[in-house]
Amino acid sequence: MILSIEQLSVSSGEKKIIDRVSLSIRKGEWYALVGQSGSGKSVLSQAIGQMLPSNLRMEGVINFNEHNMMSLSRKQLGDIRGKKLSYIFQDYQGSFTPFRTIGQHFQEYQKVHGINNKETRRMQTLEALESVGLDETFYNRYAFQLSGGQLQRASIALALMFSPDLVIADEITTALDSVSTHRILELLSKRQKESGCAILFITHDWRHVRRYATRLAIMKSGEIIESGGKHRILDHPQHEYTKQLIKAAPILEKGLPSGLDGEVSYESTFC
Amino acid sequence: LNNSSVTEEEDKHIHFLYNFSTNSLDPHVDSSYVPLRAGITETLIRLDEEKLSIEPWLAESWEGEDGQNWIIKLREDVKFQNGKVMDAEAVKMSLERAVKENVAIQNALKIERIDADGYTLRIKTTEQFPEFISELVNPNVAIIDVTETDIVNQPIGTGPFKLTSFVPGSKLELERFDEYWDGASKLDQVTFSFNEDANARTLALKSGQVDIVYRPEVESLEMLQEDEAIEVESTSTFRVHQFTMNLQRKSIQDVNVRRAIDALIDRQEIVEKILLNHAEVAVGPFLPSLPFAPTYDSQPSGENVAIKYLEKAGYKMKDGKMQKNGEPLTFTLLTYPARADLPLIAQVFQSDAKQIGIDVEIRQIETPEEFMASNRDWDLATYSNLTAPRGDAGYYLNATYHPTGALNFSKADEPELTAIIDKLNQTVNQEDRAILAEQAADYVHENMINSFVLHPSTIVAYNKNKVVNWVTTKSEYYMITNELDVK
Amino acid sequence: MNLLSVKQLTKLYNGQEVVNNLSFDLQKGECLGLVGESGCGKSTIARCLLRLENIDSGSIFFKDQAIENLRHRQLIPFRKDMQIVFQNPTAALNPKLKIKDSLLDPYIHYRNDLTLRHFSFTSKEQFVLQLLDAVGLPASLAGRYPHELSGGQRQRVTIARSISIEPELIILDEPTASLDVISQAEILTLLTELRQDLNLSYLFISHDLAAVKQLSQRIMVMKKGTIVDQFPCAELFDDQRHDYTKELISIF
Amino acid sequence: MKDSFMYLSIQKKYRWQAVLLISFTIIVIIACLYTFLYLRHDPTYTNLDRRLEGMGLAHPLGTDHLGRDILTRLLLGGQQTIGFSLMALGVALLVGIPIGLISGYKRKVIDRIFMRIADGFLAFPDTIVAIVLSGLLGPGIGNLVLAIVMVKWVNYARLVRSTVLSESQKEYILIARTNGLSSIKIMRKHLVPHILGNVLVMASLDLGKIILLISSLSYIGLGAQPPVPEWGAMLNDSRPHFQSSPELMIYPGLAIVVVVLITNLIGDYLRDHFDVKKEVQR
Amino acid sequence: MVRILICKFLEVLFFLLFITFVSFLFIRLAPGDPVLTILNVDELSVSQEQVEALRTELGFNKPVLVQYGLWLLNFIQLDFGTSFVTGQQVMSMLLTALPATLELTVGAICVMLLVSIPLGSLSALYRDSWIDKISRILSIIGAAIPSFWLGLIFIDLFGVRLSWFPTMGRDGFISLFLPSITLGLAISSVYVRLLRSSLLDSYSQEFIRAARARGLSEGRIFLFHAFRHSIPPVITVFGVSLGSLIGGVVVIEVLFAYPGVGKLIVDAIRQRDYPLIQGYILIMGIIVFIVNACVDLSYRYLNPEMKMKERENN
């Protein structure tokens, strides 16, 4: 068990944004979180890394790697964040500070996590970029000089740099077109297999759940209404809302409601 | 005054604070006259402050019976601050430079030719010009060594102090000139600085930053006087604050209206309450102590007198307004802020006039001379004028009452008066001149061509525990002298 | 009869061909799907067809009349027969206008040249209600401002506005891209119904193959400014499809 | 800078401020109206026997150096200062908004010409223009207003222009164009309501600046003329009495501070108000 | 590259022509002229013919355009004319006074930075805390206080009552304190608020969240990410409000009898010293132009996006 959340509530003033949610993620699994817009998925994901805005209060228990996240000092949190637990956000452009180059981001990242030799840092950066298919010309580029897909790849490289135990990916492809989306997810899945990390994958798109997830949870209005194995939920949804959600998904070909055969292998189109 | 007791043993130093600033020290051009006032330069002729007549200074004597050919003998013991001897040739060059650099001086001196011979100057004026010698009092005719290169920042004169440094708009540092012809000063150094804000000047004296302050804030004098260490001196000047009447305006053309206006001006109260007694009530243009100032009978004044004059002129009070033929009497009164008391006088007049049903519209302007000359849609103007800047009445009478005068804003064109002035311009003899000037002044008063309010005083405050031999002059020309000393 | 026919349309931005030599026809009552990855020029085509953008070469025939060179005034009779729905409904509604005012905007301007067949009303209020009803929105929204609506509701409002003058052609530029799955499905259903009820023609732009397949009769596949494939919907899974089309299918 | 707000984004917090502001404003207006309708003292009546009196029943705030009632002058000065500032602002708006609208919407030649002119105007430091202009035209509040208009209109034109430029890229303007609206109608119906918010915010913040500018120019003697009791001019008049009767400078100074404070608070309030809406829209 | 230089050059030329022409027009069309001041009518007798003669000599009777042409001709030869009042070269007068003004301005900017950076940063970092509230109240009040009034209070307090600083003039470093503190405080309230809101804006950006997620310390985030991102709006406002800063300098210089260009120009306006006014406007225009060019350059440095775009275009 990498992460276990028990009875977590987040509230803003009187209003409860997340209401007693429990959830656990196992080592190396791809855990999908699906649900209505504004149901609190992003808030939940930020609560895990203790990154909520100051006006939100939270209670409950978050255990990450046997640490109780709530009781850690800022320093300890800083060590965990980025090293053991890393994030990829939807807004690819915004994930990079606009006036620093990609290389500088990697450098700074390694520096704060204790790698002191500049040359080592540079080598590792190039390696990491290489692993997501970006060559060294990207090292000195700024975020605005990369396409959305390239930036998301850089984010992935950054997030997986220290082989974290858990990567939280919050709607990382909604801003990309379908072709790029596909390539990014393929890459993420490949890198996950290599590094063995767990992924908390927040999405709206059933196709991605069907293709990559092992388990999933469904959120609505701050609560998890259903959770379990992928096949169980896709084939036998219990909750009314889940049924609606599945029904509403656009279908290209007939006969693939469960996604069982969605895992057909096909040529990876990138590289 | 905490610093005042700390007088330096080895260095005798005085810090003087003046109320105008200048960006140039060119003695021939700078109209703030700082080089002369700071004791750097001197003129050939000076004003005797007691007798209020002219006396030789760098000159020894002069002659010029015909009023056109002048012979000036120079002192032979005068040296410039660079050690050169001041002879007639140097003076000639200096005068020529003044005329060349300064149109105003060129106009004022009317020099046709100068000949130099040892220590004697022969000067011919373009026309008969009896005031010529008194014009030489003008600080812009100071004698400097024109062979020096940087006259603007480093003028070399003959005065008791020589310049060591100059910060434009801020201050001069001066040092004793040991070879001064009239006996070197006992002071080692003098700082002559500028500040145009009267408050700031007062504050500087109070905080002990400076020793002598020229024109401190009138309102703060009481407070200054409470300080044991501070002496406040006040001396009337040759200046007069007057109401200029625009004789081209219909209502003003009536002498009774002019008299009413004159009667409305509450001089005593203005002197007491606005200038806090640092002024002298004026009836005519010339300071009473001047030899040619007429004596006047005391005249009734006040609202009732004014109303009587107005009734004589055909005005009646109706609906609270002074009217004639259904037309209410109103005045447009010009004033300008450069002399801070003028707008106040204007406002007091406005308020007083309102009491007898006359509406006065005050219009504030920036440059009064230019405005009054080019705009004629005003009735009255507060104006301040030097009436005998160099101890002679010729300048004021010519400028203000002669039809061709540049300051004749009343547009006075009285043949009788013009004749007196013309005659004055031909007369060389001082006594005869005085009589003519008096006649003119009487005529002005009789016909109320302008109305005079007061002669403002120059106020100087200084630290009497330190400063010795300070003299406040009427002409305001002579400030830092070789006599000045510290205790 | 071809409602719209485009011949060799080319559009340059900064000297670069964004739309390159493109030709296609659109029949009356038909829905033509246009797919392609982002940045391939789909929105540019939409803007060119409406003449919001001047084209660099080629011709556009609307109801067999060339409109590529017409001026503002001359275009008005054509424009009242074509409408557009944009991807981002927030930007497409003036935030300072109430919903009802936004809805009536086109009608007010074309009112004199219009004869409405489907909508009949006696007052503007009534018209607004009919429009809202047509897209399945409650009447209570009429008095609100756009920011008080959800994304899906806003998109319905823009659709309602586009059908208010009963145009013959509606260009739908990714109308569902910013919505969640449930709203997406609802909008697609709504569009299908409206097309049948009002006999509309659509040019449906999207990069979502499934959505396009659901709505259209024919599909065009676009890549880098040119059309690489064009086929009836039923032939989507045929073998002779272009490689790019196959890739799109495969990643779906 | 998209949202520069001074206060919390929680709306409840605004309420007391709004109440405070409105009551302040009303007090100021009433005070000015009071003198307008009923003057107990003639603001120009000088009484040299009663100069520099302290507070008292007859003169609640005492008298000035000419024995005039300070309260009356202060309140009348409020009318002058605020009135002329509003006038300057109003004229600047009337000039700036249409020019900005046209140049932002029409672009091309008009815009280019405008931009050049605006650049030129911006090259002159605004306060300097005001100083030079009112110095040269002669002191007087009319000239001062003219000078302020000259330097301020550009700001509004620019603000409007940039708002219009960014708004007219938005799709609702495109749609309005496909709907056959003429340029004038688009400007009137779609753009004007949009710029009003921004302009209002800027104007209310500007008002304070203009009041300060008018009074500082009056203070260095370039503004209102005596005996008009403009606040800056009152300050200037009281300068000689700074040592002996500092209250003469305190009253008008405080009056300026309070009024500028109020206009600034209103400006901030409006800015937040408009910003909060924007947040929701996003 | 050459083309760009030529364009820039033309732009500068156009700009100079514009401001000199407009200011020339204003100056000459305004009522009043310096002839009577030059002739010192206050003390010397002058006849009306002499006045007219001087007016003709100085060319005031010629049409404005001709006067401008003549001025321009001299200007091209780098001759800015001589002051009517002092007879000195206008440029040398301005250049002697300029360092004082620059000192004052730099001093004021330093004060402004010293006040607004800590205050603005703290109130953004500790939003809604007491320090935020206090700095907000201070900055609102600060924006409402006329600078000359503040200056008088300072003079009274620190100059007279406490005698810490000289009240006037320019006499070494110490005399710089009061004027630059007054001016600095007067302008800093704007920047406190600006920096605060700009920082808050930065902190609401996604990249800050991303940096936190990477485990960077708050101090590092502030220094290397948030603060730098907040500078451009501050600089923009600085460039735009440079004019009012220069105007503020005038008021302060008059108040403190500080011998800078501001005091020079107020005197020049009073005396209608045309060449000096003209020269002043020209110099200030150039300074504003240079500063704004620097502001543009700093954008390029702060915002790599602009720098790259520029490079592509060349």
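Observations
Each chain carries a letter (A, B, C, D and E) given by its place in the written order, and its residues are counted from 1.
Just so we're on the same page, a contact is a pair of C-beta atoms (placed from the backbone, for glycine too) under 8 Å apart; a residue touches a chain by one contact, two chains touch by 3 or more.
Each chain and its UniProt protein: A, C = ABC transporter ATP-binding protein; D = ABC transporter permease subunit; E = Nickel import system permease protein NikB.
Computed from a prediction, not measured in an experiment: that's the story for all the values here.
The fewest steps needed to get from chain A to chain C, moving only between touching chains, is 1. Chains that touch both chain A and chain E: there are none.
With B-E and C-D as the two chain pairs, more C-beta contacts join B-E. Measuring from the averaged C-alpha position of chain B to that of chain E gives a distance of 38 Å. Centroids built from CA atoms put chain B at 88 Å from chain A. Separating the centre of chain C from that of chain D, both taken as means of CA atoms, is a distance of 48 Å.
Averaged C-alpha coordinates give centres for chain B and chain D that are 43 Å from one another.
Multi-chain contact residues, meaning those touching two or more other chains, occur in chain E at positions 31-32, 156, 254, 270, 272. Residues of chain B in contact with at least two other chains: 197, 203, 366, 371. Chain D has residues 135, 138, 242 in contact with two or more other chains. Going by the touch rule set out above, the chain pairs that meet are A-C, A-E, B-D, B-E, C-D, D-E. By the touch rule above, chain D contacts chain E in their complex via residues 1-6, 8, 116, 119-120, 122-133, 135-138, 151, 208-209, 212-213, 215-216, 219-220, 232, 235, 242, 246, 249, 253, 256-258, 260-261, 264-265, 268. By the touch criterion given at the top, residues 36-37, 176-182, 204-207, 244-245, 247-253, 266-267, 269 of chain A touch chain C in their complex. Interface residues of chain C, counted against chain D in their complex, comprise 47, 50, 52, 75-76, 79-80, 82-84, 86, 88, 90-97, 102, 105-106, 109-110, 146-148, 161.
By the touch rule above, chain B contacts chain D in their complex via residues 197-199, 202-203, 217-220, 222-223, 266, 269-270, 272-274, 335, 337, 340, 343-344, 346-348, 350-352, 354, 362-366, 371.
Those residues of chain E whose C-beta lies close enough to touch chain D in the complex are 14-15, 18-19, 22-23, 26-27, 30-32, 128, 136, 140-141, 143-149, 152, 156, 193-194, 197-198, 200-201, 233, 240, 242-248, 250-251, 254, 265-266, 269-270, 272, 277, 281, 284-285, 288-289.
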